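The structure under discussion is supplied below as structure tokens; questions concerning it will follow.
Chain nomenclature is as follows: A, B and C, assigned in order of appearance, with residue numbering initiated at 1 for each chain independently.
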């Protein structure tokens, strides 16, 4: 177990320290599970009342929350504008201290083509294949069983977990993380139909991924048909996501698990997609659009905001009733029109009465 | 082809045998495809009329169905309260007889770290990586290309098919089955947002899986952020499922293919989820809840029962009509309110007439 | 860069050549990005006006479009009835010219069982496992890290990308393409329930796949419970698709990414499924049915046509209103009935007035 003085954490991550700078910390934990060797954080003002029960040695919080809780917390405080961001950075600080170092070098059970270029400081694990003319940058970690195709390029400090595929000619930038089972650069789904049979359209574009991108387990990103599929800097993709060929995903957009994006969709920057949201192909979504989980985007979205479209859950018996009516809404509308007409005619009759 | 005497099957699986105990059986098959060397089963009373056409040598059924079919079936009978359960157990019996045995030992093309502990009776296939301090129990079968991370633990009698990932420090119990391509213990999807950019929250929890759990092909279960993701005993997960970080899934809950569960969802015991059902994060589902396929669970469910929420399928032209109305239901409701008002005012007028 | 004379392309792919047969072509590109060494195509008459701006040396189009654009394009023309199909075939022609040849043979880092049969012209990459009695046909390419189970069979000219699993006894035909991470033949999801616990039903059927089938990255196709799961000739499956046990998918049916098909569904020929469409188990879909993206097929479809069922997307605030009403449609219907009754009674009263 590594221990850090509070002052060293604050020196590294920032914030204003109030209290004993020499407290020894083993890590960071939520209010309710923190022990006496932890620093904790108050990011949600609703949890203020829990502060008096935490056993943590130190607390990250805003100046205003610090004033509110007054003497409820006897330990040290770190004052910051954004406690949740501070929590993330402090957690990174502790994780880095606890990290098991990986020795550079090519494992004797790896298979590296003669023309591949591997940086000296990179680690290539057992059963990794690196094909001709592939390039792997400084400090990369390529774990067991991964596949780096012919001419593919990986920027420095990028980490591939076990069993990742990066196919021929595709490239990914610096400081990316790709989780186990992800497949980058499989063929896009492109066919011409000739009298019922599908004629394959060769997928000759690449996948081009920026820096600081994270790609989840078993996520797939298809190569372009002729042009490239592009994922800009800072994009975060969760697990089991499918990105179709020739998509363009703007910087810092994040997608939760099971999202699907059909081919040639152009998605802006700073967007978020809830789990299992789906996007049809050949449409445009501007910056700062937020799609709720389980929602189908079937046309372009040209105005920022939150969009939703899923059928509300109900007890099965109630759903069965509502679903039947949904299927017959056109007849319900017709009835309403008839009622309006009938009422109008009665009104007229009434008015015409002497 | 292995053959079993009926009496040996009944001795192993149970039930009351009526008829010739020495019939030789090669396996179990449905009523319509069984041949003279098969035992078959009647689990659905609606299929009683098919009994007279089956060629099977023996029949598993309830006492009541046995009385109903009277002389329609000339072969041997096995009487049981639960013929479908009996079918499953008999099928296991025959599958076990037909199983190609796996010789214990570590394949010469595996890569096993010096500090890993592998039980003598376990099989480790080619191109399997077992990292430092991992532990693999008695009679485990770890097939080709699987990855067992640092400090991960696998209980006895557990079977990993080819190309499974179990990441560092995660653990799985006894008698589990994990299918090809599954990824257990990838990072959960956790970020803090700092002025539009995503700051990664290290995922330092584990995945902890009980006994008798089955995990489908290409299913992903993320490790916890700080605490663990927990899958209790007897849970059955089909293919392509995504379980987010810090979820807790109660014992004997089953999920069909393509289900997604967002982070920190707490799901009870004995629940079932139809294919592609989705569960939002940070909510609670009590025991014995059944979610229909394609339904989105967007709030906690605190009462057992069946819940559904998907848009009913229709011919496209009809759907287009109903979808337009669904988007404008608020205006339909408004029209109805106006009609009600108008009618009321007419009623008043009418009553006021002399 | 390979260059081809236009006449050689036309000789191989067909069509009527108008103009200089000796133009040298490096490849095919869309109207707007084609350069002077490209052939391009006009498959959508709406794009006719772009023809005058393209820099391409040659143009594929219909006779009627050729007449329409008159002198707008000065280069060579290839006249065909189906320019998009011609584009696909021409792209294949160029891709084949540019293909990096794969030398036949078994890589020294592969693991091939003694009883496996590998055609001389096949390529088996590093870290591929081929188990006992498996068969791999002529000109097959089996890339790094793939797993071919005991007794599995692969027809000639089939290409497995890196890290594919084909499990024991399953078979796939000729000229198929299977993308990275696909799993063919994992156990179907079959259990009997005994007092809350799930008893596994051994999955002893196979997956049997025809010729000219393409299977996307991380797609999973489960083996049958007792009978087989069948995928007929020419089926095209995109990424992240789940096909349950004992499904039967008819020839030339295509499914886009993230589709899920539950067990024992019988799907006809020439069907198409949009992304994330879901099909419940034990139902029948006839030939020439087209399911829109995000739609749930919850009952058999016995009539060809296009079917749809997803909740229309709206701004979140609007969706919240419509979703509340959808949940209470039964009460809305009740109000309409009351209005109809009230109106009728007023009508009667009115008629009864002297």
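Just so it is clear, a contact is a pair of C-beta atoms (placed from the backbone, for glycine too) under 8 Å apart; a residue touches a chain by one contact, two chains touch by 3 or more.
Composition by chain, UniProt nomenclature: A, B, C = UDP-3-O-acylglucosamine N-acyltransferase.
If you're wondering where the values come from, they're calculated on a predicted model, not measured in any experiment.
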Topology of the chain contact graph, where touching chains are joined (line, ring, star, complete, other): complete
Superposing rotation of chain B relative to chain C, computed on C-alpha atoms, to nearest 5°: 120
Classification of the chain A:chain B interface as same or different, half of numbers criterion: different
Where chain A and chain B are represented by their mean Cα positions, the distance between them in whole Å: 26
Overlap residues in chain B, where contacts from two or more other chains coincide: 127, 145, 163, 181, 218, 240, 258, 276, 310-312, 314, 326, 332, 336, 339, 343, 346, 350
Residues of chain B defined as touching chain A within the complex: 111, 127, 129, 145, 147, 149-150, 163, 165, 167, 181, 183, 186-187, 189, 191-194, 196-202, 204, 218, 220, 222, 226-227, 240, 242, 244, 258, 260, 262, 276, 278, 280, 291-292, 295-299, 305-312, 314, 318, 321-322, 325-326, 332, 335-336, 339, 342-343, 346, 349-350
Chain C partner contacts - residues on chain B that touch it in the complex: 28-30, 33, 82, 84-85, 87-89, 91-92, 94-95, 98, 100, 107, 109, 125-127, 143-145, 161-163, 177, 179-181, 214, 216-218, 234, 236, 238-240, 252, 254, 256-258, 269-270, 274-276, 293-294, 310-316, 319-320, 323-324, 326-330, 332-333, 336, 339-340, 343, 346-347, 350
